[in-house]
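Presented sequentially are two complexes of chain A, the first with chain B as partner and the second with chain C.
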Partner chain A sequence: MAPLIYSALIISLGLGTTMTFASTHWYLAWMGIEINTLAIIPLMAQNHIPRAIEATTKYFFVQATASATLLFAGISNAFLTGQWDITYTPYTLTSTLITLALAMKIGLAPLHSWMPEVMQGLNLLTGLILSTWQKLAPLYLIYQIQPNNPNIFIALGLMSIIVGGWGGFNQVQLRKILAYSSIAHLGWMILILSFSPPLALLTIIIYILMTFSLFSSFMLTRTTHINSLSTTWAKIPILTISTPLILLSLGGLPPLAGFMPKWMILQELTKQSLCPLATMAALSSLFSLYFYLRLSYAMTLTMPPNNPAGTLPWRLNPQHNTLPLALTTTSTICLLPMTPAIMSLMPF
Partner chain B sequence: MLKILIPSILLLPSTWLTPQKYLWTTTLSYSLLIASASLMWLATPSETGWSFLNCLMASDPISTPLLVLTCWLLPLMVLASQNHLMLEPINRQRTFISLLISLQIFLILAFSATELIMFYIMFEATLIPTLIIITRWGNQMERLNAGTYFLFYTLAGSLPLLIALLLLQNSTGTLSFFTIPYLPSTCSTPWAHKMWWTACLLAFLIKMPLYGAHLWLPKAHVEAPIAGSMILAAVLLKLGGYGMMRILIILDPLTKELSYPFIILALWGVIMTGSICLRQTDLKALIAYSSVSHMGLVAAGILIQTPWAFTGALILMIAHGLTSSALFCLANTNYERTHSRTMILARGLQTLLPLTAVWWFIATLANLALPPLPNLMGELMIITSLFNWSMWTLILTGLGTLITAGYSLYMFLMTQHGQLPHHLISLNPPHSREHLLLTLHLMPLLLLILKPELIWGWNA
Partner chain C sequence: MSLPNISRVSASGLLRSSCDLRWLLRSVAPLAAPRRALTHMGYRRPGQPREDRPPWWRVKFDLAKGLKGMKRHFKLLKEEFFAPFVGPMGKPIIEHMLEQNQVLWEFRGPHSLQEWTISCDREIGGKSEIYLKVGRNNESCLLYGTLCSDPPKDGETRYSGYCTMRSKQPLASFDRKKYHDWSSFNTLHLRVRGDGRPWMINIVPETYYTHQKDDMYSYFLYTRGGPYWQDVKIPFSKFFLAHRGRIQDDQHPVWLDKINSIGFTLGDKADGPFQLEIDFIGVCKDYAHTEDFAYEKYKRNPEV
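Take a look at the complex of A and B:
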């Protein structure tokens, strides 16, 4: 893509999210989200292959529906309460509608069906932007509406954790697996959003670190299918050690950093006396651990001389700058002992 | 405490920086040095029970024998793995040894943890190196299934444990071992209290393993390489026992009613798994089921919570750790020579390998709890305290002892006595390394006859 257009799109992406962050009026919030959507559409379609165009079209339809619903809900709220402040949503009707519209925007269950299809059609970098940057603005808005009834969040969250785990079970395409992983992690964030927004912030930061390192590892070896993971040992051997650790961290295993958000969220849930919910959420996250484990089996644990499972592709020189990957991988693996420091930084 | 932990952590860089020629020598000698230094923990004169304290780590008479066993096992694992790793690239040898060392670090931190969440995190942390050892260096295709069973059985039990611990922390404000025994018991609705009780114990019962949730163990033990089998049998199962001992203090008084099904299941498991052993064709599976059998006795002993039972459980844990690990090493000597675990393919070995037959004899006698070995002391104390708790358990435990003797003798007679099969015309003689390995396993067991107070726990 031409550099000027590319930079214009990236700047627009940043502009959209920043506008939503800075807004207190429904129109401005909605405008920021629309700018985000419109900026990423050309990025998704840059490949000009039919699959990418299909993904772009699906994404556009879903996001347009969600934005229209969001605008409608904002206007209804203004009609009912007489003012446009996004923090003042006392009526259940409007706050539920806003929540569902934003849930559709980020791909929470049961409004998640578009996510794996769209992710599959994108290249890995755009998929990374979709699963990390595009979630920030809607999550911020969900926090801002300050719902007094946490039931819908609990329902959305628990369903997302279960769907995100169960849906990824028989996937072999890596991008679809990453989409389901995104759904599951967003479920954890939404679950805790009404009880402790700083913990949701912690979850999304740790999730961005982990996803970034995983996407970067896949970008480095240009793998998009489980079968092509099995030749990583020949291309970049160090990835065969770091990627399973990143995957297990995504699954939430101690002593890796991915355990930190789950631990803190479970602690908050038990403080709110929601133990059965906490148990269900914790056990549902074992589903996603299963397919992360399967990925690490394919990549590392069946390495030759035991069982070579794939044919060797062309080995090209890696062209990416690996510094971000190194930094994010290190934090994904080693950040758990920093939990007290991180928790003290969270505003409570 | 740090005198042992920091050298263990620094074993990791030394593994990676040692030249290839000296890798195994270096790791073996340094880990032996750390193991001998760890014997200092056995001198625990403190009256409060806790010694070698700092804010985060401490050792008391229950954790000390397990800590020393952990540190003792690392040189043994290095010694045992040397042969089958010799043909691999050097970096993979280093990775394997690093996994063993990281297991030791996590285990030291787990056994010396003074806070329950620290214990939990280290308990879970031991899963990852063990998983990698089993699924990467195991030898058969079934190892992937074994790794999945291992990980998911343990996690399904330990996630409720995490929630139970967080609940406890919310109601009592602390989870430190120093203060937990003195806290008032947390009572809520009867149903919630029962659920919380189960959640606290389930993870440890699955880890022990209890008979109904034991399916992961034969898979994991059989598919693991020798170092994996050793660490699993000797220490990782004892993590479950140790966790149960620590957490039962706070679970009173509900334990008196709720522990019944688990005690029955454990004792029934002793008999069932013993009977399975009598019909096994796979040598490693036999030893694995024998582990389940012994651990069932330990679980029953811990759950009745009397002083003799705790002492017996601790002694049996240590003795079984050494014995089981020795048996796995012996099975591995067979495996390295015939590349098969089937027992009928390697019979009559007393003719071919008479020196190894001596070790088989001693290990078998230890497994069937011959006096005066500590195995008998542990079993006898558990059986006696179970009899005191209810006299009907004598039927189950007596039958269990009989079946244990039966399958241990079956294993010995099958592998050692009788005629050599026709296809075995020559096997490599035992290496000095293998003799050293078995000496280092069985000598502490024999020496413990002379001073069993070291592994008695609180009744010292």
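Take a look at the complex of A and C:
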């Protein structure tokens, strides 16, 4: 893609999300989300291959449907309440419609079916943008609306955690696994959003750090299938150590940083006397942990069934910058002891 | 084989029928081979009478068959539900990682022919014939017939002369589409015994969302005429993209994660009988083959 066009699209992505962050009017918020969608469409379809076109088509249909529903819900809310303020959604019907539209936008269960297929058709960089940046604006709006009844958030959250874990069981394609991982993590965020929004913010920050490091690792080794993970030791041996740690951090195992949001969420749910919910969430995340462990096993504890002497590649210096990977990997692995400091910074 | 009587349709009938959705149905002469399912809009030969019966009249309602079908579908659904407990797609992960060869179709009896469908230009009024049967000792399948390049005399078809065998779309429970996932492999491995004719192997991926339903990736299969079997290994990087038989400028390698079907086509314009015996069709991972794509990718704005 021409650099000028590429820059324009990336800037549009930033513009869309920033516009949504800065808005209090439904139209402006909706416009920001639309700009985001329209800016990422050419990025998805830049490779003229059928799978990318399929992913772009599916993404566009889903996002357009969600945007239309969101606009309709916003206008209905304005009609009923007499004002366009995002934070004022007293009617259950409009707040539910808005929640469902935004859930479809970010791929929460049961509106998640598009996510693995779309991720599968994208290259890893665009998949990273889809998993991280594209979630920010809708999550911000979900945070703003704060429905009176948190049951819908609990239902969406728990369903997403279960579906995200269960769906990843059956996958060998790494991008689909990352899609289901994204669904599961979004479930945790939504689950706690109505009880403690700063914890949801913490979850998303930690999730972005972990996902960025994992995507960067896969980009560096150019792996998109679980089979090709077993050749990582020959390409970049250090990644054979760091990537399993990133995966286990995603799974929420202590003493890695991924444990922090899960621990805090379970603690908060317990304080809210929702022990059965906390138990179900914790047990459901074991599904996700299973396939993260499977990826770690494939990467670290297996050798490909070929003659290693004949297939060792040249260990050249990486062409692209590995500093972001180094920083995010360090954060993903080592951030847990900073929990008290982070908690004190959180506006509880 | 005789053609059905062509009935003249009056002008008012034509006008009526043009507004009628029944033009979607087509009537074809019965073939010796199993017909293809009407997944796409079919071709109706000029002059052939239109199908008068609406689709719901053509369904044969049978309670016993329906119950049997429901039982089969629920059994498939149950298998799909419990398969992830074993591993992805019902296989343990270690098998996914270690497998270097996978036999997809092995012709060892009449049941193995159920997954294939055959077709020739007889559907458009040509004179070719194609048949598929189990080979000797149930050890292979034999695709045979006669190729005839004479175009049908209908005033609009100019070229003719093809025979093809194609695998059916794999279906999950309740007839949902399933796809072949060959992304762990990079080579197609066939064991065939031909008669010296050149065949074309066509791989058709999922094309619903791309609106390019006639896209297929093709490569040649040159057979030897001898009595000895031929092991053919074709890397997937060699397959080129064609749309309705026309090779495209904008080439890219075939994505192997969603393959609908694979087929063999004969269209070498050499009239006469043909035979192709197939032992098995499989995929394998050749670690020595590191080529991504054999052809130059078309760049619209090349960097200078």
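Worth pointing out:
Just so we're on the same page, the second predicted complex is superposed on the first by the 333 of 348 C-alpha atoms of A that agree within 3 Å, B and C clash if a C-alpha of one lies under 4 Å from a C-alpha of the other, contacts with A are read in each partner's own complex, and residues count from 1 in each chain.
Basically, contacts are C-beta pairs under 8 Å (C-beta built on N, C-alpha and C of every residue); 3 or more make two chains touch, one makes a residue touch a chain.
None of the values given here were measured: they were computed from a predicted structure.
On the superposed chain A, the two partners chain B and chain C both fit, without a clash.
In the superposition on chain A, contact of A:S7 is made with neither chain B nor chain C. Residue contacts after overlaying the shared chain place A:I241 against chain B, while chain C stays out of touching range.
Shared-chain residue A:W263: touches chain B; no touch with chain C. In the overlay built on the shared chain, the residue A:T24 is in contact with neither chain B nor chain C.
In the superposition on chain A, A:T302 makes contact with both chain B and chain C. By the touch criterion stated above, A:N149 is placed in contact with neither chain B nor chain C. With both structures placed on the common chain, the touch criterion links A:T92 to neither chain B nor chain C.
Applying the stated contact rule after C-alpha superposition, one finds that A:I226 touches chain C and leaves chain B untouched.
Using C-alpha centres, the superposed arrangement gives chain A a vertex angle toward chain B and chain C of 100 degrees, stated as a multiple of 10. Put simply, chain B and chain C get as close as 9 Å, counting only Cα atoms, in the superposed view. Overlap of the chain B and chain C interfaces on chain A comprises residues 297, 302, 305-307. Chain C meets chain A in the complex at residues 83-85, 88-89, 93-94, 96-98, 100, 181, 183-184, 205-210, 212, 215, 250, 252, 255, 257-258, 287-288, 301. Contacts from chain A toward chain B in the complex involve residues 237, 241, 244-245, 248, 253-256, 259, 263, 266-267, 270-271, 275, 278-279, 282-283, 286, 289-290, 293, 297, 300-303, 305-307, 336. Those residues of chain B whose C-beta lies close enough to touch chain A in the complex are 88, 91, 95, 106, 120-122, 124-125, 127-128, 132, 135-136, 141, 144, 147-148, 151-152, 155-156, 159-160, 162-163, 166-167, 169-170, 192, 195, 199. Residues 2, 47-51, 53-54, 57-58, 120, 166, 169-173, 225-227, 230, 294, 297-298, 302, 304-307, 310-311 of chain A are the ones that touch chain C when the two sit in their complex.
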